[in-house]
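Structure first, commentary second.
Per-chain residue numbering starts at 1, and chain names A, B, C and D are given in the order in which the chains are listed.
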């Protein structure tokens, strides 16, 4: 009834060794030099393969109502796409409309997520500040297994929070031990730049990055970290894209502040030449923060940060929209739904450009994509191949190869931002909760097999610096 | 009818030499080795004295309606106090109420200022953003000789601007060539900290600095500089008090941004032990940003910045309130009118602690207090002892000495924040517009002798960095 | 014949889980939820205990001839002291006299080390540069299992290398893939300051730190890192003690350079008040670089660096001398043999002040003291509790407690620099190569049981930056 | 007998005004609105022209024996070339051979300089450290009017000093109040890189910059500044060329260290494409440190440093060699005499690219090239147009134009590194010691008219930081 994975090279954040791995039910029960096969056990030969802990995607948006439409993958197709790409858990964002109840929002998101094929949790977004928000935040942490929040410093007029709300969220987070994830862009500036560009008739997708310059991200990062520091709260800056914001994070970390930074594969690998695509093709790459220009140090800052420890994790911001959906902004880039698919590309893309490309070790890849997300966000049974952990595993063949394409990926997205990218290595099998859910190109994800992961808060106020 | 100042050591920002200086009417007409005295000329023997350009105070608030009362010095007594302290020109802040006309405000301020005893100009404060604000800003610069604006990032609910207004002000400033002076503190945070402290019963003046930690100033400085950078505008951060904001300015300057920083004598010399004074005595020191704690690197950052060129000028933020006025906040520090007297202390205090104290040269003192304010703000006829310049001069005796005290100063303030401070050197004479207005302890300031100084804009947009 | 360690909480760099650990011979063969005991197996109950990978000390000097005497612990007593303190492997420094053969040196050191009770390797010191040095370096790496070198930028007139030698060492290291460990202090400056102090009659041990100010360490760190960068070599700065050198390392890392930093417990916990001890007691604390003054930011820089990832490992620089030996410098601090005991204190001291003190997690402690030294220096079978690894294990009881003292430690040192320090937790058992070598206070180290660890080079030239 | 310069716009470091300037003998005696012409006075109409203080070149090498030949300009032709370019004083370097007497060297240099056409002083180079060096340094300062020293950290095997000598020089300089000028490149590294390149057959002038990468300059700058800091000495880093060294200087200044940095026009304007010139043409650009590559941030760092105050002065390193001389290195770039002409180009080139190019104001140009060199090096009667100062003046027509070329310059150099550069403005007249020495293209420099300038030391030890 169980699995024995034979002779693979297990790679965790802090170790690499060759051994057999035994799975019983949903759990890893033994790792040994030569494990006895039980009756009914299935054997998988992993000789010459890496056995990795399943990747965790701390940043996805499944079936999100956003900018007048809904992201193209639901929790079933989105998590299934993830499984095909080596991702076995996700943390989605529950984003209640401003002024509505967090608890109602959570209920709605849980309902949508019930069809997920892999385990999931939610960051709870605070999109406005009201009389009951603090109490609801406390309830969410105490009673509902949610230990992270989200604030958007952009999207003015929609879900953007002002400094007052930001202050309050950080305060309650520090009190409850929750992490605050932050979308850091100055929404007021973006709003103005958008207006100015549209007024000048600069309406194409290539003006999307012009409306969100990197200075705007750097400023907001500094501000968010200051707000966190005032309360001893733990901030986690999501989808960092540029030199300025990495430097703000570096300054905070070097000064002793506990905080985290995340980036995404698209910000590492793409640059604003993508907007040269004809036929509104640039719309596929419209997301926020935007893909940055080349040669301004942004890509280098991100790669360095991943290697030197200043950045802590990698998510995908998976939030696909079809070309048809993108056409909502055909004559006004500010109306193009922001987002793209990515959950299925992450492992192969980063193995290729990060590990094979000499930027960092495979152990570090595991740490950035599995161990650290698990640790930071309290996924106690995830993030490492060890006894007692959930049997979420990826068997990766470094000798494999492939090409990323919308034609072959399992997302509902009809385009891939990595179309035609060659990758080194291949995912041979993905095991989710002890069950082979993907093998040799065949996806066997099971609707509803995913469970909600209840998480405990651990980031209580540290060294508040209010006195100064 | 003129003056001949004999054998003084003229000290300008970039030079020091011994010569005679001749004044005719309001103007310096000659500097020479041995100037012939005209009939009717008065001779002043300045041998062994320094002849300095009159100091300019770029940061004062005379008869300002603020926090429910009015600052204790009007334009007559305030400028007279300045003359006794070696200051011969001021730039006050015209602060129209939010939603009211800039031009109406200017007219009102000009009326108040007509009784000034020394020349004056105004920074125009933008306290809200409306449909006509941009046009009024343009008119003020084009037609009214005002080439600098002011924004307050603090004082929420009163004159604080939000990021949208800040963005717009910087944009119009860059277009018109005006400087934007910025009070940089995050008003939302201050507002919250004030509420929290008062709610806990922490109501004394010693909690004023606790409500405005230095991180709040550092954050706002970074934000203001980013806003300026987006437009290529020139920002001038007023009354900088702390390490964090100096570092934000350093980063901007080292990255090539054109921007300026100002500090005040009180932030260099005082620390938060002043709040230990009994009988509500700490209220005298309540101003914003606050006097900082010792030993956190703030004072060192300011002194270093003055010496190494990262800070550019020194103002006083002269805005006195009497003890009686301060009592408005007897049971709630947030109601204590913010401000103190300083215009009369600046030269002697800084000569003592800056020059005699070995921090910087006398030339640099002149540059920081006279030449740079003149240059930055476009006071074309001020800031240096040279031919054709206004005859605003200070004759300083380095062998003199004195003690700063409210008993002897000429401000209407009934307390001095430098009470009992010994100083080296003394102001023997102050010449204002060619007329001796202070001599050997006797003040002869003339009501209404001051003229409005019309200024031209020079800070047009430079290197905007919107692309990044 | 084997061991089964039951129900302990295994803590590796990237994970923490409760399981049984099975050891056969010298190797960990299985980790499982419920491991079957073989006949002849010994069971150890580790419930409520941590099971840690044995600590590795990358910085020790056993029976080192130095400054006219020999360090007090030989390879037997030194490694035994380590075992009692949770350290199960060491990397000593083979330091051939200037001008002598590296290979002869290695042979001599191997002979001395044969009596070691735990596994060992050597860093090979290059103390001069001659015609054959490059070839000997290559041979040492290729044929002798040594993949790290050492240079001393201090100790002028003895083992100090000049910039020419430093350049050459980095060059050959990059070519051969070896790491270069660096003692970074400017030896010329130290030599001069020593002369000046002695000439002034300032001869006591309290002048030792005065002769080696932190600026001297910062400068040398910058220089060493530059030399490494020129060749794409990997530098590892040993025993970092101060703000200046940490900042130099930070700059290099943030700019993308691959390099490492090590500190030691004494630099984290002690300050120069130790030199106040009467009766030449300060001599016990004479080591280089020196114990630093309090309140200058040095201790904070080190703790922060350990937490934020800028520092990578912790060694002890174990190199004890007895009080009698220290008296060689009774009238001249420059003649006091430099060094102190530390190998036995590291785990308990750092668990107490680092983990229990809230500076970092237990996982990070393991990473800094075991996993990272193993990875950086190529100890392929060390550094983690996993299948196939050497069975070097520590069973740590977090509920234990103790007091550090020379009276109870096992080193030959007659003083402890941590005398009287209370510690939290206790080492219950140390297992070395599958054999219990320390249990419940009883040391059962076996002379000669340690084996030489052959190491492979992995740090080949990366991104040389010669063009610039 | 005197001069009256009418209606020019005087531009000093801290002021700009229109006035008449009267010169009597060698001295400026009056500046006034309308100066009476004496009988015999010559009038010069300067309306619409700038009247600038004569530029001071703090970095030249006239008739220097170097690398087996002698620089092509002697003190007569070199200073005459300077006069044609607006430079009215020089500070040359007296460079006694290692092991020889400083005083003998000074005597020899004074003899060579007697034919100078403009005033001169010397920096005294310390090229080795011997028993009598300290005393000779003291004598040079005390008795010979020399208040600055020079050390070369490059040119190994010739005039390079080691760290011991560097330490001693800084120590004696701090004691005597002299500045230490520093050529900052790591000579050991350069020596090695040269050997490696030549051994590979890479012998052309294009490999000169490869042999001296910017990291080598950055390291040496850091080291020199550390050495100065240890003693509270004042270091002045000459001819800075790169980002790394500017950043080292920035760090020192921001930390409160008193130190200075100089760059040269060629490092601001040229890049390593100059080495593409055919027919050994690249040899003209061989100087040390080398011309840097484009796009690595070096040029930007220098321009920013000049504008933001981190760099303090500009010299030319005028040290021309003819093409024939350069051919000494026809088959080995390490034998190409290092140096080029520049003294005649500085003002026009920097007016064009600095002032007209919007990098900084004309006042700042004057400060960098005249006022600051005068202040830093103690040229008490130079650096400003004011009463009592030497009448060294330049009348500059901003409406003029020109083209730089070896065909028209007055140096003995047969090539110009700025050949074909268009410039804005023109030097109409240069007045040296009250005498028109250049007017409207005609050079009337007078052999021997230059006087030795005796200088007093002012840079006594400040805040030594030995304790740390």
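The rule is simple: a residue touches a chain if its C-beta (ideal position, glycine included) is under 8 Å from a C-beta of that chain, and two chains touch if they have at least 3 such contacts.
Owing to the predicted nature of the structure, the values given are computational and were not obtained by experimental measurement.
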| item | value |
| --- | --- |
| Leftover contact groups, counting everything except subunit B | one piece |
| Which of C-D and B-D has more C-beta pairs touching across its chains | B-D |
| Chain at maximum distance from subunit B, centres defined as averaged CA atoms | C |
| Euclidean distance of C-alpha centroids - subunit A vs subunit D, Å | 56 |
| Distance from the mean Cα position of subunit D to that of subunit C, given in whole angstrom | 49 |
| Subunit B and subunit D, separation of their C-alpha mean positions in angstrom | 38 |
| Junction residues of subunit A - those touching two or more other chains | none |
| Chain-to-chain touches, reported pairwise for every pair that qualifies | A-B, A-C, B-D, C-D |
| Interface residues, subunit C side, partner subunit A - complex | 10, 12-15, 17-19, 22, 27, 29-35, 250, 253-256, 258, 300, 304, 307-310, 358, 363, 366-367, 371, 383-384, 386-389, 462 |
| For the subunit B and subunit A complex, residues of the former touching the latter | 162-164, 167-168, 186, 188-189, 191-193, 210, 213-216, 218-219, 222-223, 226-227, 229-230, 242, 244, 292-293, 296, 465-468 |
